[in-house]
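What follows are several structures.
Below, subunit A partners subunit B and then partners subunit C, in two separate complexes.
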Partner chain A sequence: MSDPIIAVEHLNMWYGRVTALNDVSLTTPPGISGLLGPNGAGKTSFMRILVGLMRPSGGAVTVLGDDPWNNTAHNLRTGYCPEHDGFHEWMSGREFLTWMLRLRGRMREDARHGAAEALDRVRLQDAADRPIGTYSRGMRQRLKIAQAVSHDARLLFLDEPLTGTDPLVRLELIELIRSFGREGRSVLVSSHVLHEIEALTTNIVLFHRGRLVACGDVHEIRSLIDRHPHLVSVRTTRARDLAAALLRDESVSEVSFPRESEILVRTRRPDDFYARLPKVALELECSVEELSSPDDNLEAVFRYLTEK
Partner chain B sequence: MTLVRAFYVGLLRRVPPVKTRAAVALVEFTIRRVFSGKRISATLLLLMVAPAVAGALAALGASRPGVAPFFDQLTFHLSLHITLVLTAMVYGVALTSSEIEDGTAGYLFLTACPRWQVALAHVLVVSPILAILTGASIALTYAAATLSPAGAPMAGPVVILADTLIAWIALTAYLAFFVFCGYAFKRNLAISVGTMLVWEFLLPMIPTKFATLTVTLNTRVLWLYLAQQGERGRWFRHLTGVDLPNYGQASMFLSVVVALFLTLAMITAMNRSVIGREAA
Partner chain C sequence: MAVLDQSYQPWHGDFQPRFRRVVAMIQVEIKQAFAGTFTKIMLLSTFTLMFGIVGILFIVSSLPVDRTFDFLAGNHLFRFFLSSMFPTGVLIMTLAAMIGGRAVSRDLRTNAMSMYFSKAILPFDYLMAKWATVSLFLLSATFAPAALMWIGHWAVARESLTTGQRLADLGAVTLHSLVIVLPIAMYVLALSSLSRGAFVPAILWTLTYLGSWTISLILGEALGEDWCKLLSWPNLTNRLGELCYANRPLPLKVHKTDFMSGPSLPYDWQEPLTILAAVTVISAGIVLWRLRKFEGQE
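Up next, the complex of A and B:
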């Protein structure tokens, strides 16, 4: 068996009196691993500790054999795509990537070349010279991923890379992340949507309220989760038409309209629903602007799981 | 001879190591950030106040006597005291806590540059740029003053150069302090502004020996020696019970302040966790 890429022992993280991570111990094998949990589960804190942005309150962390805290060599071997958009909005995507590569020690020409390659990889060439402030959510996600992979990192940390993207971009990003795995890179990708993680890997780590709930093969917990109804929020231009079409599908048990352009769909078969949605949208020729699974939904699933 | 030439050619062609290339990029990236965003607009606006006031004064009070000293006061009180503190605060906070908050600092901390280098660059790269801008502002103030036929002081390049040099020293001290606060405290703006008010604005008004322990007073002493031939004159008439430090003491004090806060800024940068927005 190969050495674990991440090894964590008795990891604790506190923000004042709030416990973000509580005695987490785990190892992850090479390849793609999924980090799953609702908001506030500790996923972002965990990732930030692994990339070296945060120092844990207690415990030991080893990533690719090294302690990540204040370790510039570790920074060159790993790439991080943060959840939140934090960019110098006045910069163009190309300029941002070129600077990031130069700050990682590349020569000027080499950095320009690497930036062009990364932009090509995430299909952002057309918008490369526009200020980042004008980018859409999907473009910003792709730029963050480009930044994480541009320096040929061996290990990628992708924090909620699919959040807020439309189904088409989502499919593209899922394929992109899979391609990183095929290239031999290891990836730790976080999400609060099981379906997204499942599309990427079978190896998952489940967090809930700062504790490690489960770690291993997704199929073992999948059947448990399937029994719980899922809630999916869809933002679209033709909410009523899409809702009518979705209701004809057996996987959908209930539809409601919290806002004019938003549908809240309750389903007991999320796989079928996620597979059916792009087809229905295509048939109706309506655009799906955003797809998300409300956190309270996953929170309920986790409560259900932890109570079992 | 051939060997010597081969040595230099080899030296020039040598590819610098990753850390050196990253450090060079950090300097360039810091310069790029100085001239971008709202911070540069705010700074230019601040720096234009003194020349604008001087210009207006020259135009309005052209024939009145006693206008001339006011131009020196503008340089002395506004450009070399208030503006310096404010511009240092704008950059010190913008480059540290603001970037941590908006998430851009995270990218910088995940490069080949150690965090102490980032903090060092924030002080040592930004201060000379701001000093040159301040120097330009002072030159413009005097240029505007020359419009007054009442007899404005002719500053001359030496005095403007001395002012720029003093601005550089003071900016380095203030920036080191603000960068330290930006990395050390969560409520850094309140803490740094509060400290600055007490330390730099209130303390020099009080006739105690502690008044000599301010950056402002010591930079003014340097200014007296470099630009005013060391004459105390009207510049410190409010400080009746205080023995002014001499040039050597002022230099020593400012060196200690710069070294202290620069070291503290680097140490705090090395120990600062960049937490997510949810946690914040």
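Up next, the complex of A and C:
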């Protein structure tokens, strides 16, 4: 088995009295790994420690065999795409990338060449000479990824790279990130959306409230999640009739009424339930006005995992 | 089994030394200062006024009259220009507020710190680049016009000096400019690092500069103690500045003025240098502390 790209032992991070990371120990193999957790889980703190932007309060961190803290050589081999933009808006994309490469020690000509390649890679050639201030959200995300990868980084840290992008751009970015993995680079990408990570990799790390909750193959995590009851909220005009009909189905284990026109259904077989619901509604001739699952958000998934 | 293309190759070219990376930062910082129209107008006005006054001073000092004012004679001309509250003091104050006030605060506001420090840039490099940038702008309003005067003095002044004396004048002008510029630049950066906006550091700096001068005058009048004069920022730089120049007899008959009546502080170099050095070092410490603090908070 190949050496781990990232190795962390008993990592702790405190901001005053707030614990951001609590005794985290893990290793990640080469390739793409997903860092998953709800907002405030400690993903960004973890990533910033790996990038070398923050010194941990305790524990040991090794990235590509080195301690990342205060280590400029580490920054020459890794690339970081922060969650928030940090551009000089008056600069063009080309100027920005050239400058970033010069800050990484490239000679002026090398930097220009590297910037052109990176712009080409993220499909920003047409807008390369426009001020960044005029860029759309998707273009800005692509430019951030370009600055992270432009120096031929061996390991990329991408903090929520898909946030705020439209579905088309999202697909493009997912394909771009997957291409980095295919080339033989390693990528650690964070998100709070499970299906985004599933689209990128099967190797995931789950954080919740600063702790490492699970680590491994996404399918194992998914089955772990699926063993726990799934909540579905149904808004309908005939809540009690629909609830009575649904309770006769084996897939439904419990029904409650948070409001007069809303049913909260608990099911261990969500796929069966979603298939059965339209038929029952049709038989009763009642309309379903809204269907949502509180479990769709990752916070609920983590509640299951941490309470199991 | 999936076959991956594995085309990735690490870069094997030459890297620039650390100094060049700092220079790359300075270049962009200078361009950034000229990015806004308002800033361009302000800078242009400042430099026009500064160089206009330099021209007037120089012409007056080189007029073929029997007597001149003592502050325009010999190397007193440079000292007078660099030590005067107007235009030099006020223009330096304005430039420091405009350029230095936002130097760090803008990066904090726009989350640019992680962009810098995920590259081959350390907080110390960042501090040096910002310090150099603000200092360069301030030197353009101190050293540049004073050096022009020095060149003009060589060409037309009626003082016969050796090359060594002229070079000593240039050295004095350089040193005097640095004494003025370096502590101001670092202090303004410290204020800038304490805020995410450009306005508050600019106001705080202006209050420090003018306030220290005013308080020193008021306390000096009220208490009559020598130490009150040490409270004034301009007094500190002026005292160190005047120690940079060689004493030599004035070339012409002169009208005596208050300006040349004595040293600006009743102290030697140790006290003002200690105060200015302490302010500079503490300011640098504040900036570095704030950089580390904000890295975790962005």
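Throughout what follows, the second predicted complex is superposed on the first by the 235 of 308 C-alpha atoms of A that agree within 3 Å, B and C clash if a C-alpha of one lies under 4 Å from a C-alpha of the other, contacts with A are read in each partner's own complex, and residues count from 1 in each chain.
The definition used in the following text is that a residue touches a chain if its C-beta (ideal position, glycine included) is under 8 Å from a C-beta of that chain, and two chains touch if they have at least 3 such contacts.
Since the structure is predicted, the reported quantities are computational estimates derived from the model, not experimental observations.
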Mind checking subunit B and subunit C on superposed subunit A, clash or fit? clash
Going by the contact rule set out at the top, does A:Arg106 touch subunit B (first), subunit C (second), both, or neither? both
Tell me the contact category for A:Glu183 with respect to subunit B and subunit C: first, second, both or neither. second
Quick check on the superposed pair: does A:Thr72 touch subunit B, subunit C, both, or neither? Answer first, second, both or neither. both
So, A:Gly40: does it touch subunit B (first), subunit C (second), both, or neither? first
Subunit C-contacting residues of subunit A that also contact subunit B: 15, 45, 48, 51-54, 70, 72, 75-76, 78, 80, 82, 84-88, 90-91, 99-100, 102-107, 147
Quick one: which bits of subunit A touch subunit C in the complex? Just the residue numbers, please. 15, 45, 48, 51-54, 70, 72-73, 75-80, 82, 84-88, 90-91, 99-100, 102-107, 110, 147-148, 151-152, 154, 181-185
For the complex, give me every residue of subunit C touching subunit A. 4-11, 13-16, 18, 20-21, 24-25, 28, 32, 35, 107, 110-122, 295-298
Please name which positions on subunit B make contact with subunit A in the complex. 15, 17-19, 21-22, 25-26, 28-29, 32-33, 36-37, 102-104, 106-115, 270-271, 273-279
With touch defined as at the start, can you tell me which subunit A residues reach subunit B in the complex? 15, 18, 20, 39-40, 44-45, 48, 51-55, 70, 72, 75-76, 78, 80, 82-88, 90-91, 99-100, 102-107, 147
